[in-house]
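Every chain is named by a letter (A, B, C, D, E and F) in the order it is written, and numbering of its residues begins at 1.
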Amino acid sequence: MRPSGRTASQIRPVSITRNFTAHAEGSVLVEFGDTKVICTASVTEGVPRFMKGKGEGWITAEYGMLPRSTHTRCDREAARGKQGGRSLEIQRLIGRSLRAAVDLKILGENTITLDCDVIQADGGTRTASITGACVALVDALTYMRSKGILKANPLKHMIAAVSVGIYKGEAISDLEYIEDSAAETDMNVVMTETGKLIEVQGTAEGEPFSFEEMSEMLELAKHGLREIIDIQKAALA
Amino acid sequence: MRPSGRTASQIRPVSITRNFTAHAEGSVLVEFGDTKVICTASVTEGVPRFMKGKGEGWITAEYGMLPRSTHTRCDREAARGKQGGRSLEIQRLIGRSLRAAVDLKILGENTITLDCDVIQADGGTRTASITGACVALVDALTYMRSKGILKANPLKHMIAAVSVGIYKGEAISDLEYIEDSAAETDMNVVMTETGKLIEVQGTAEGEPFSFEEMSEMLELAKHGLREIIDIQKAALA
Amino acid sequence: MRPSGRTASQIRPVSITRNFTAHAEGSVLVEFGDTKVICTASVTEGVPRFMKGKGEGWITAEYGMLPRSTHTRCDREAARGKQGGRSLEIQRLIGRSLRAAVDLKILGENTITLDCDVIQADGGTRTASITGACVALVDALTYMRSKGILKANPLKHMIAAVSVGIYKGEAISDLEYIEDSAAETDMNVVMTETGKLIEVQGTAEGEPFSFEEMSEMLELAKHGLREIIDIQKAALA
Amino acid sequence: MRPSGRTASQIRPVSITRNFTAHAEGSVLVEFGDTKVICTASVTEGVPRFMKGKGEGWITAEYGMLPRSTHTRCDREAARGKQGGRSLEIQRLIGRSLRAAVDLKILGENTITLDCDVIQADGGTRTASITGACVALVDALTYMRSKGILKANPLKHMIAAVSVGIYKGEAISDLEYIEDSAAETDMNVVMTETGKLIEVQGTAEGEPFSFEEMSEMLELAKHGLREIIDIQKAALA
Amino acid sequence: MRPSGRTASQIRPVSITRNFTAHAEGSVLVEFGDTKVICTASVTEGVPRFMKGKGEGWITAEYGMLPRSTHTRCDREAARGKQGGRSLEIQRLIGRSLRAAVDLKILGENTITLDCDVIQADGGTRTASITGACVALVDALTYMRSKGILKANPLKHMIAAVSVGIYKGEAISDLEYIEDSAAETDMNVVMTETGKLIEVQGTAEGEPFSFEEMSEMLELAKHGLREIIDIQKAALA
Amino acid sequence: MRPSGRTASQIRPVSITRNFTAHAEGSVLVEFGDTKVICTASVTEGVPRFMKGKGEGWITAEYGMLPRSTHTRCDREAARGKQGGRSLEIQRLIGRSLRAAVDLKILGENTITLDCDVIQADGGTRTASITGACVALVDALTYMRSKGILKANPLKHMIAAVSVGIYKGEAISDLEYIEDSAAETDMNVVMTETGKLIEVQGTAEGEPFSFEEMSEMLELAKHGLREIIDIQKAALA
C-alpha cells in the first residue's frame, strides 16, 4: 500500500553522522530516508535576560530550510525579512522538547542553541530535527563536562521523535513526503527513552480522526521510537 | 484539590454572547470563566492567491491579546513590529481547526477571516477562541445563505475545543491560569460534534507523561467538549 | 439635518464603565454612541531610558482597532508588521494629552501606559479614547496612592476630548461616522475641566474653513466638553 | 524678549530658491532663517491602487531629516528600518495640506509626490516644508501644462504655513528652535492665499492655553502668512 | 611562512561534488580546503518584473551562512529579520559574476536562482560560492536543454573565483581564515576561462597597498584560477 | 568621443564647500560636475559595543540618496523600511576607506559618523562621497583637537576616490551618468595622498576586461586622484 513498499509500522533507514561539521560543540547529520538535516549544538556562557539570576541554564532551537531543500524552491526567510509561522512553530517544538530532556539546574547558567537546517526534505523534517538535535546535544554536554564547565550530567533521558499518520484509512509510521501530502491525519510524537511522552501533536488534514485511530497512531509511534532511540544510542556508543 | 474547588472533570461556566459587536457578519463574545475573547467572522469575496482558480473557499484566523488582558502588561505586537511565535502558532491552530469544520467546495471562492482578540485572559484562550469562532462562523454562514451568496450550507459539523492537563499528578479539565502555570502537562483538544478529533496538542511542561495519562486526558476532553458543544448549540438555537 | 436627528450642539449618549476588565490598574469601557473603546491604564515602576535620572514619571499611550471594529475589515497591524501612520498619530495625541493632565514630578519614576483598543467604531474613536483614558488614569492613580506608591495626587485636572466639524455648511458636535465621512472640516479638541485647551487639531477635508467657522467649532467643543467632563466625574463619584 | 530680538509678530527672513536641483519637475530650497529644506515635486503617470478608476489625481508627501540637520545627530530612519511617528505625522500633514490646494479632478490620473528633506533644522521645519512644497508644486503643474499633460490649471489657491506659539506668556510668530523648545504652546497653521484655513494644530507643551490665547495665535498666524504668501508669489513671478 | 605550510601561490585542495542534493536542477558541494558551500541552481519560468518584456532571462543569487558554520555562532539572519550588509554585498557579487557568464538573450524569459549556503567556513566563502555556483549553473543549463526549454547553450564561458592577499608583507593565494583575519590586504578576483576579468575587489584591511602589490596579487590570482577552472572542467567531464 | 567633450583622462570640475551646514563638526558639499553630495562628520564620545575596551576609536559611514536626486524618483529607503543592497554596499565602502585614513588608537574611544547624502546624482556618487567625507573628517578632527578631545592628529594620510571605466572600448576617467550607464567596465579606486591603494573595485558590466585594460584604468585613476587630492588640500588650506 505504501509507495515505498514499506509495511505500516516500518520506519525509513535512519542514519546519524556525528562531527559532521568542524566548529560546533555538537554537529550531527541526521537522515530519515531522503530527509537530511544538519543539527548543531552551540554552547555559550550565560542565559537570556528572562532567565538571569535563577541559577539555571537554557536550551533553545532555531530551524530553517535551505531554499532548494524542497521540490520547488521556497523563499529564503532571511531575504523575506522574517521567519514564517511554520518555522517558528517547529523551532518552538524542538526547543521545548529538548528542554524536557535536560535538568536545567545542573546545566547552570549556560545556553545551548540547537540549529536544525534542512538540506534535503522528504517529509518528517521536524521529527528528524529533534532526533538529530538530541544527539548533538549529548555531544555538547560531553564537551562541557570534558572542559570542566559541568560537574554532573544534566541529561535526564534521551528523546527522539517520529511522525505517524492515517494514510488511505490506515495508520502508518514515518511518513515520507508523498504520503504526508496525501495523509488524512498527521501526528508528531516525541518520546523519552523511558517510554514517556514529551509532545503529541495530531492534526486532521482532511477528515477528523477517531479516538481509536489516535490510539493506533500512538502505538505505532511508540514502536518506531524504540527503534530510533536504539539508533541514537548506537551512534553515540 | 483545584484552587476553584472544581472537580477534576468540571469545566468553568461557558457563556456565548452573539452579535456582540455591530459590523461583523458573525460576532461573538465567548467566556470560559474569566477568560473573555471577542471572535468575529468577516466575509470577503475571493480567495488568497494560492487558492485561486480551484473553485474553493478559504478560512483563516488571526489571534491577538489586548496588551492588558494579562496580569502584567504584555507588549503590543503591532508596536513591536511582528506577531510572536505563540500568536502565530495559535492562529494557525484556529484556522486549521475551523477549516476542518467546513466543506470549502460548497463555500465557493469566498474567504472567511476569524479574528480572535482576547480582552481578558485566565488560561485556555486558544480553546475559548476556537469555541467562540465556530459560533461566529455559523452566524457568518447563515448571513451568506440569507444574502444568496451560498446555495447550500458548507458546515460539516460544529467543532469546539478545551484544554486538559496533568495538575498535581491528576488529570483535570479546562485549566485556569493558576493551574495552567503549575501543570505538568498541558493538552488542547479540538473535537467535532460527532465525537471525532480535529487536533490534539499535548506538551509536557515539566515531567513527561505516560500513555495512560494521555488516555485519561483524552477521556476528560471528550466529556467536557460534549458539554461545550451543547452550550454552543443552545446559543445558536 | 443630522442623520441621527441630533441638534448641532448635541453630543451622543456617553457611557463610562469602570473596572471593565480584571487585571489593569485602571480599566474603562467608554462609549460615545456606537463607538466603543476599552481603555486600560497599566502602572510599571521605572521610566524609559530617555527620562531616567530626572526624578520624573512618564505617561504614554498605544492605540489600536480590532480588525472588525470597522464596517469592512481592516488589516491587523501586528500581522502587517507595523502600526500605520494614523495609529501612530492618534497614540501620540493621546499620550501628549494625558501627560498634560499630570504633574510628572509628583508621579515620580513610574510609568503609566494607556492602551486604547477600539472594539466598535462609529466616528470619534480618538476623542473617546482620550476621554476614557483619563478615567482609567484616575483609577490607576488612586490605586497607586492606596498602595503607597504615591504620596500626593499628581492629577492637575481632568481632561476630555470631543470632535466637532463643519457638516453641510454648519458647525456640529460629536460627529458619527456617517457625518465624519462627509464633513468639510473635522476638528478634535482636548480641554481641561478648568476650561483651557490642551490640543486643537482642525483639518479641512474638502473646502478650507474660515476663521469664523473656527470660532464656532471651538464654541461647540467647549459646550460639549463641559457635559462630557460632568459624565466623567459622575462615573468617578 | 525674543532671543533674536524679533518682535512678537515678526517672522524670520524667508527665502525661496527655485530650480535648486536638476532632475525634479519642481525643486525648491526654502529657508526660514536657519531652517533649510529641499522640496521637490515629482510627476508620475497613474495613481495609487486605492484611487484607480475615479478619474482623479493624487498628491502625496514624504518628509525626512538628514541625520545631521539637527544639533546632535539623529538616527537615519532608513537604517533604523522605519520612519518615526513624528515623520509620518508631518508627511501626512504636508500631503493633506497640498491636496487641499489642488482640484484632483483637473489633475487627472497623475500623481505628484512632494519630498521635503530638511538639510538644516532651526524650528518650523514642517511649516517651511509646506511653504516650499507649494512652490515646487506650482512649478510641477506649470511643467505638466507645458508638456500638454494638463489642459487646465488644477491649482485652486496657493497655500503656506507658519508656526505660532506662546513663549514666556506671550503669543509669538515663527518660532526658532530655541523658542520652540521652551514654548508653553506650539501651533501650526496652514492657510490659503484667500485667507481661509486648511489646518490648525495647536498643542500645549506645558501649561494649557486659553481660548483667548488661541485667538491671539490665530491672528498672528494670519498676519505672518500674508507676508509668506507674498514671498511665494514674488518667487514665482 | 603560511600556517598550512603552503607556498605563496599554492591553493587549497578544491573539490566539487555534483548532484549533492536531490531536488535542484543543479546542486553542488564545493570545498576549498575546510570551506564547504552548498550551491544550488533553481530554474523557474518567467523573469522578475523589471526584466519583463525584453525577451531576456535573469540570473540572481542568494547567500547565507548556517549559524554554526563559523568558529563562534553567528545570528540566524532569518531570525534577526534581515540579511546583513555583508550577505547582501556577497550575493550581489555572485549574481553579477554569473550573469556575466551567460548570454541572457539565449536564456530567454527564464530565471535561474543560485543559492549558496555555507555549511562550514574557513575563509574564501564568496569565491568558493562563485566557483561552485558556476558548476551548478552549467548543470541547470544542461537540464534546460535536455527538457527542450533552451535551443542553444547560453553559456559564454566558465568563470571561477579566488581570493588573494598580502600576508606578512607577501602576496599569497587562496587565504584560509587564519591568514585572512591577519592579512594586510584582501582581494577577490573573478575570471573567465578565457583569462579575462569579471570582478576585482581589493581592500586594504590595515596598511594601503602599492600598485606593484596589486600587480603581484593579480598575477597570483590568474595562476590559481587556471587551476580552479581545470578542476571545474574535470568535475563536469 | 565623450559626450561632454572631455579627454579620456580629464576629470570633471571638482568643487568642495566647507561649513555647508551649521551643526556638524565637519560639513562639506562636494561636487563632481553635476553630482552633488552633502558629507557631514559627527563626533560622539564612546564607541559601539563590539569596539569597547580596546582603547580605540571607530569611524563609520551612512549613505543615502534623496528620492529625487535621480532622473526618475527612487523610493525613499526609510519609507520602504530598509536600506537597499546598493546603499549598504556603498556605505560599507565609505566607512572602510575612511577608517584606513585614521589611526584609531590616537582617535581614542570616540566615534565619527560620516553621513553622505546625495542631493543630485550624475554618476560617481560613491567616489564623490569618499572624497568629500575625507575633508569633513579632517574638519572634525581639527574640531576635536581644538576642544582638547585629541592630543595628537590621528590622520595618517588624506584619501580620495575616483571612478574609471572602459567606455566604447577605451579607458576613461570620472564617468558621468550617461557614460556610466553605457560603460563596459566600471571601476572605483580609493587612493592615499602617498599614492597607495585603499580599495579597487572593478566590475565588468557587459564584456569581461583584460589585465591590460585593468592596468590602463589604474593608471588613469592614479593620475585623476592626484588632481583631486590637490583640490582637497586647497579646500583645506
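The rule is short, and it goes like this: a residue touches a chain if its C-beta (ideal position, glycine included) is under 8 Å from a C-beta of that chain, and two chains touch if they have at least 3 such contacts.
Composition by chain, UniProt nomenclature: A, B, C, D, E, F = Ribonuclease PH.
Predicted model only: the values in this text are computed from it and were never measured.
Touching subunit D (Ribonuclease PH) and subunit E (Ribonuclease PH) at once are the following chains: F. Each chain's centre was taken as the mean of its CA atoms, and the one lying most distant from subunit F (Ribonuclease PH) is B. Repeating the B-C interface, with the same residue numbers in over half of the contact pairs, is the pair A-E out of E-F, A-B or A-E.
The pairing of subunit E (Ribonuclease PH) with subunit F (Ribonuclease PH) is characterised as same-residue: of all residue numbers used at this interface, over half are used by both copies. Taking each chain's centre as the mean of its C-alpha atoms, subunit A (Ribonuclease PH) lies 50 Å from subunit C (Ribonuclease PH).
One inter-chain figure worth recording: subunit C (Ribonuclease PH) and subunit D (Ribonuclease PH) are separated by 27 Å, centre to centre, where each centre is the mean of the chain's CA atoms.
Separating the centre of subunit D (Ribonuclease PH) from that of subunit F (Ribonuclease PH), both taken as means of CA atoms, is a distance of 33 Å. Listed for subunit F (Ribonuclease PH) are residues 81-82, each touching two or more other chains. Order of chains round the closed ring, starting at subunit C (Ribonuclease PH) and going on to subunit D (Ribonuclease PH), comes out as C, D, F, E, A, B. Across the complex, subunit F (Ribonuclease PH) meets subunit E (Ribonuclease PH) through its residues 82, 85-86, 88-89, 91-92, 96, 100, 157, 187, 191-192, 194-204, 207-211, 214-215, 218, 222. Across the complex, subunit C (Ribonuclease PH) meets subunit B (Ribonuclease PH) through its residues 21-24, 27, 34, 36, 38, 40, 42, 44, 62, 64, 66-73, 76-83, 87, 113, 115, 117, 119-120.
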